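Okay, so subunit A shows up in both of these, paired with subunit B first and subunit C after.
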Partner chain A sequence: MEETYLELYLDQCSAQDALTPSRSPLLSPAVPYDVDMLTSSNPETAFNPQLEEVTEASGSFSAVDLSFLPDELSQENKDQTVIRSKHEVEENCKTQSRQIRLPLPSQLDAGLALNSSSGSGSHSHLHPADGNSAQPSPEKPHSMPLASITPMTPMAPISECSGIVPQLQNIVSTVNLACKLDLKKIALHAKNAEYNPKRFAAVIMRIREPRTTALIFSSGKMVCTGAKSEEQSRLAARKYARVVQKLGFPARFLDFTIQNMVASCDVRFPISLEGLVLTHQQFSSYEPELFPGLIYRMVKPRIVLLIFVSGKVVLTGAKKRSDIYEAFENIYPILKGFKKA
Partner chain B sequence: MNNTAASPMSAASSSGRSTGKSVSFTAELQSMMFSLGDARRPLHETAVLVEDVVHTQLINLLQQAAEVSQLRGARVISAEDLLFLMRKDKKKLRRLLKYMFFRDYKSKIVKGIDEDDLLEDKLSGSNNVNKRQKIAQDFLNSIDQTGELLAMFEDDEIDEVKQERMERAERQTRVMDSAQYAEFCESRHLSFSKKGSKFRDWLDCGSMEIKPNVIAMEILAYLAYETVAQLVDLALLVRQDMVTKAGDPFSHAISATFIQYHNSAESTAACGVEAHSDAIQPSHIREAIRRYGHKIGPLSPFTSAYRRNGMAFLAC
Partner chain C sequence: MPGRGRCPDCGSAELVEDSHYSQNQLVCSDCGCVVTEGILTTTFSDEGNLREVTYSRSTGENEQVSRSQQRGLRRVRDLCRVLQLPPTFEDTAVAYYQQAHQLAGIRTARLQKKEVLAGCCVLITCRQRNWPLTMGTICTLLYADLDVFSGTYMQIVKLLGLDVPSLCLVDLVKTYCSSFKLFEASPSVPAKYVEDKEKMLSRTLQLVELADETWLVTGRHPLPVITAATFLAWQSLRPSDRLTCSLARFCKLANVDLPYPASSRLQELLAVLLRMAEQLAWLQVLKLDKRSVVKHIGDLLQHRHMLVRKAFRDGTAEMGAGEKELQGQGQGQGLGDEDVGSSSLELPAGKRPSSPALLLPPCMLKPPKRVCPAPPVSMVTGDEDISDSEIEQYLRTPQEVRDFQKAQAARQAAQGTPNPP
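This part shows the complex of A and B:
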């Protein structure tokens, strides 16, 4: 499914203006705090009562009822990105706790118009997906409403595209639960939690699905690491928040931000690092006695790449998935130039 | 100044620290020299000689660092003492600082990649970010009278020695196929810092009164590697000079890197008998040390505190 992301991204770059209304607008407003990618919708799961599925799917917390979280994903949708609005989350939590908003994992449409509307205004756009069930295959790219907001760097034409998609390996995100926490109480009552105040002033909690680790601080701030995609990171953070909530704290879910994304891929040919460090001196550092990889600091986008002789490339420092893809597409022709015969 | 002066030193050091000599880095040194520009199979005698030189120099450096440490009343030899010893040579000091910053930067990046590393770092408690950089900056701040040391932090000039080494490496690898290149890369990964305990034993740190701490050991490993690199650089230069080219008045002016390339092309064209001339000979090393220590100038016999050891330090 990863290939569709790259396709969509590249298409978006070449077709920045069209707003194709090919699908019925379903999603609530897009102030896309975490992801700015279109996704293909998965019509079969689109209208499932997702919440029940979520509760079943959540591994060790089978009793966790996430119904208060309206924009939850089911397991099948984990590959798809979802656009969320934090306002929506906030408001829904408070006002419409039982009302099921279906923020279907379908793409944004004419999002610019929706962007300006507030959370309540967006709800009028939700209507049952009559057209959706007869959806064609999710190949059709959709316009990126953000295209006009975020300036895109000029991309290489698709014909020169590498055909390799970096796979996300780790996402680090933070969220503010906005209430003071009693770490001892959390550690005593929660499963899979460790707390050693002499070593470190936070509770370390782990869940199995999505397989992640969270550091929960007494101030209410939380760091979530180990997820393999943005929505998994968000889902995991939600689960942790739910655990804390169940223990009696008035936990909220504020300012969820992706802090770092790490991806890796393989260009499948050996690379001459000596040549690369010589020609790209101002960007690269290579000290083989210290670290076997060359550290390449790309300026635009601001990503750090670790390039190894074997052809493996690790990209880190990204806040958005598109940065990773862009960085890789930038480096690929350079690496081809230093291919070791 | 040459090896004859050094050998009573090494004999003395070996008798005084006999345990140090049982540990040998000869095999690693051979690989290291290959990665720094020597032939594919450096000579064993050369490696033994290089090991001797590096060992002696490091022991002396450690002794001086211990003295400095005692002067300021510290209980361990730390990075500050070594930085103090290096204060005279700006270029080498700058290279060391760049190395330390790179180490910080690398651990910062690697930490962000693996979530386990992130946890480890948080759990270790102390504020580890840019630790070495802070130490270096604080110390240089304290000893800097004229401001030139602190100016080094902003200095962005190209390090010519490093540049030459990079070019030499690139030239060396250009003709390799991927199997040879893989081997070359493996030998480039070798360093003294990876073999921490063996390195400590080699220097016989156990028998010292004042021992170096972790960062000081890192710096010492780096200085050992730098010494080897310097020796190889100089030996290659000497070797180039030794080859007389008939009728070429500018043979001395052409850079070492160019001639070396030329040489290896010639010697590989000749059959394998010549193969050994590719490798650095012990005589090259000795001549390099002699030339390095031979300061030309009116006051040269009287300058440099390092003279009393009979051998000028290559690394600082």
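This part shows the complex of A and C:
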């Protein structure tokens, strides 16, 4: 009897997935968190009404942009990134995360296990505090993040998330075309190229879509800048490689790596930079005679943040999008502490 | 040494040439007897030209130190002396310079950078001992660009892992104000412009403190704020005679450079004072403007803490969730505008001029220069097909290539003969 409830719930989840493009059913179990946010007032409602709310929540869930998720993911990675992403991408969550009290029995299917260690330390509510039968076994191949389904009492509130998502502004990537290039020939045959050997030893090429700039060196190495997302950067780099190919060079597309990502956001309140540099002296550098912003070098993750008095924050130095989100979530509570002068 | 004679005392032939405080001597290495001496002085007029040799030059201390480092250390010492710093500062600065010279990146740097490095060491020493030295002063002394200086400064602080505290504003005010030449009458400074140093200092300090409280100092260069504050303090101490004097003329009189941002800081400070004046009943009726408010700066400063609290609503409450939160928090935050005598729990869009303004940095009060539209969420995967036509739009047709080559050749020819007959 209990299994039917579970299957019902899972069917609902997979129905939602039809709305969100290219998402596997395994990603849907993240929905409980969404439901959590929206229906936080009723933790004790019975399972059935909550199913309806789940479908309502699906609308808002599909509106969430998960395009940053990498294409190929191992099963476990998927769960972990989803859990992390869900928490990172939550919009305007003013309430604290709490557990849904679902009156499900403690016996679960063999195929279900808790993915309790989701990798991010702050989400401790995933760990079942009271040792119930749903033993967490992250090693199981088909582990699913169904922690919230087990009957648990609401845990202590976790710190609020900021509700602000930093927007990516620039991605710098490099790729190896693996062939020697004749820059003069490229500059002659390509309309969108400029080459001034006395000024710089590379061809500067631009394309319109995605709007990017590339530096192409005679060794065959190329730097692509200006894209607003990792996928756009990769697409742009491929287009440049195609242009070079069409010009008659045997260009390949090797070792595409993202070297740097820059993002910015606004916390919407003024920040006392003098106070911040006093308490976080070992990480901050604030020289108003040189630069109006405070340079905060975060150690984990290794990101540099430029914090301005208006509340605008620029994050740079990241190789992965998750680093940026993590850095911002780390800095937000610190900044909130310096709201007033 | 052979051929040089023998020691008169012990008869040994081992005579060594040695200098003792720049005086050449021939000394016997066996018994130490001085055989011959160089001449210490030649004539009476020559004596005036001789300088004493410092201890550090006569010992072998500098033989292990490279010449460029010696030069740098000398520069550091000279800078400390020019700036009239206490003697302990010199030792610390020299120690920093020596430490910096150990780093490979500094040892192989250009001479210009090593010059600037001397200034950086002095600046770091001063900052750590709360001696108010600005980067502008050091750059002027070094004849260096602020960009070069800032690069070297940031690099050395990071490499040496130093903890450099912020510039002490109070000390800077005292030093900077004292440099204004307004404290005694002179041909260029008429009597009505002369001011008492203590009074001006205390009022300037109060104005700078006010600027700090109202977000005018954070993120900005400290000096222009102090210039503006000094000007206002000076004007307010004798407004009837001094209101006619402009900021530029004031700086010329006082023999101080006018920093470019000082005039906008002045406007901001006056705006803050005007808002505060609106909270005082007897000033409200006067309908003050930017010039007349100067006369009342004394009163405003006397009650500045209370006035700031009343005149400005906490900006953070407004930025929060919405009306409800604002109204709920407003009561608790002393929004009270009791002087005006009407309900103050209204939105800032109220037309009454005395409704509390937001206490925010000026950059947040100005409307955004350009509205940045949220970028459209693109569902790019990075692996899409790239059409040939899209790539071809970026390539020149053979005809275009020929035309381009012709045009380039023509341009080269034209450049080759700059003065065609």
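Note that in this section the second predicted complex is superposed on the first by the 181 of 341 C-alpha atoms of A that agree within 3 Å, B and C clash if a C-alpha of one lies under 4 Å from a C-alpha of the other, contacts with A are read in each partner's own complex, and residues count from 1 in each chain.
We take it that contacts are C-beta pairs under 8 Å (C-beta built on N, C-alpha and C of every residue); 3 or more make two chains touch, one makes a residue touch a chain.
Keep in mind it's a predicted model, so treat the numbers as computed, not measured.
Superposed on subunit A, are subunit B and subunit C clashing or fitting side by side?
clash
Output check: A:Val314 vs subunit B and subunit C. Expected answer is one of first, second, both, neither. What do you get?
Only subunit B; A:Val314 stays clear of subunit C.
Between subunit B (first) and subunit C (second), which, if any, makes contact with A:Phe200: first, second, both or neither?
The first partner, subunit B, only.
Touch test for A:Leu215: subunit B only (first), subunit C only (second), both, or neither?
A:Leu215 contacts subunit B only, not subunit C.
Is A:Lys239 touching the first partner subunit B, the second partner subunit C, both, or neither of them?
second
If we overlay the two complexes on their shared chain A, which of subunit B and subunit C does A:Glu274 touch? Say first, second, both or neither.
After superposition on chain A, A:Glu274 lies in contact with both partners, subunit B and subunit C.
On the A-aligned overlay, A:Leu290 touches which partner chain: subunit B = first, subunit C = second, or both, or neither?
Both partners.
Of the partners subunit B and subunit C, which touch A:Asn170 in the superposed model: first, second, both, neither?
So A:Asn170 only meets subunit B here.
Is the number of subunit A residues in contact higher for subunit B or for subunit C?
Looking at subunit B versus subunit C, the one contacting more residues of subunit A is C.
If I apply the document's touch criterion, which positions on subunit A are contacted by subunit B in one structure and by subunit C in the other?
In the superposed arrangement, which is not itself an observed complex, subunit A uses residues 270, 272-274, 277-278, 281, 285, 287-292, 309, 340-341 for both subunit B and subunit C.
Using the touch definition up top, name the residues of subunit B that touch subunit A in the complex.
Checking each residue of subunit B against subunit A gives 35, 99, 102-103, 105-106, 109-110, 112-115, 118-119, 122-123, 125, 158, 166-167, 169-170, 172-174, 177-178, 181-182, 185, 188-191, 193-194, 225.
Where on subunit A is subunit C touching in the complex?
Where subunit A meets subunit C, its residues are 21, 65, 67, 71, 94, 167, 188-192, 207, 209-210, 228-235, 238-239, 242-243, 246-247, 268-270, 272-274, 277-278, 281-282, 285-293, 308-311, 339-341.
Taking the complex as given, what residues does subunit A use to touch subunit B?
169-170, 172, 199-200, 202, 204, 213, 215, 225-226, 260, 262, 270, 272-275, 277-278, 281, 285, 287-292, 295, 304, 306, 309, 314, 316-317, 340-341
Of all residues in subunit C, which touch subunit A in the complex?
Answer in residue numbers: 134-136, 146, 150, 153-154, 157, 163, 166-167, 212-213, 215, 217-222, 314-316, 319, 321, 360-361, 363-364, 374-375, 377-384, 386, 390-396, 400-401, 404-405.
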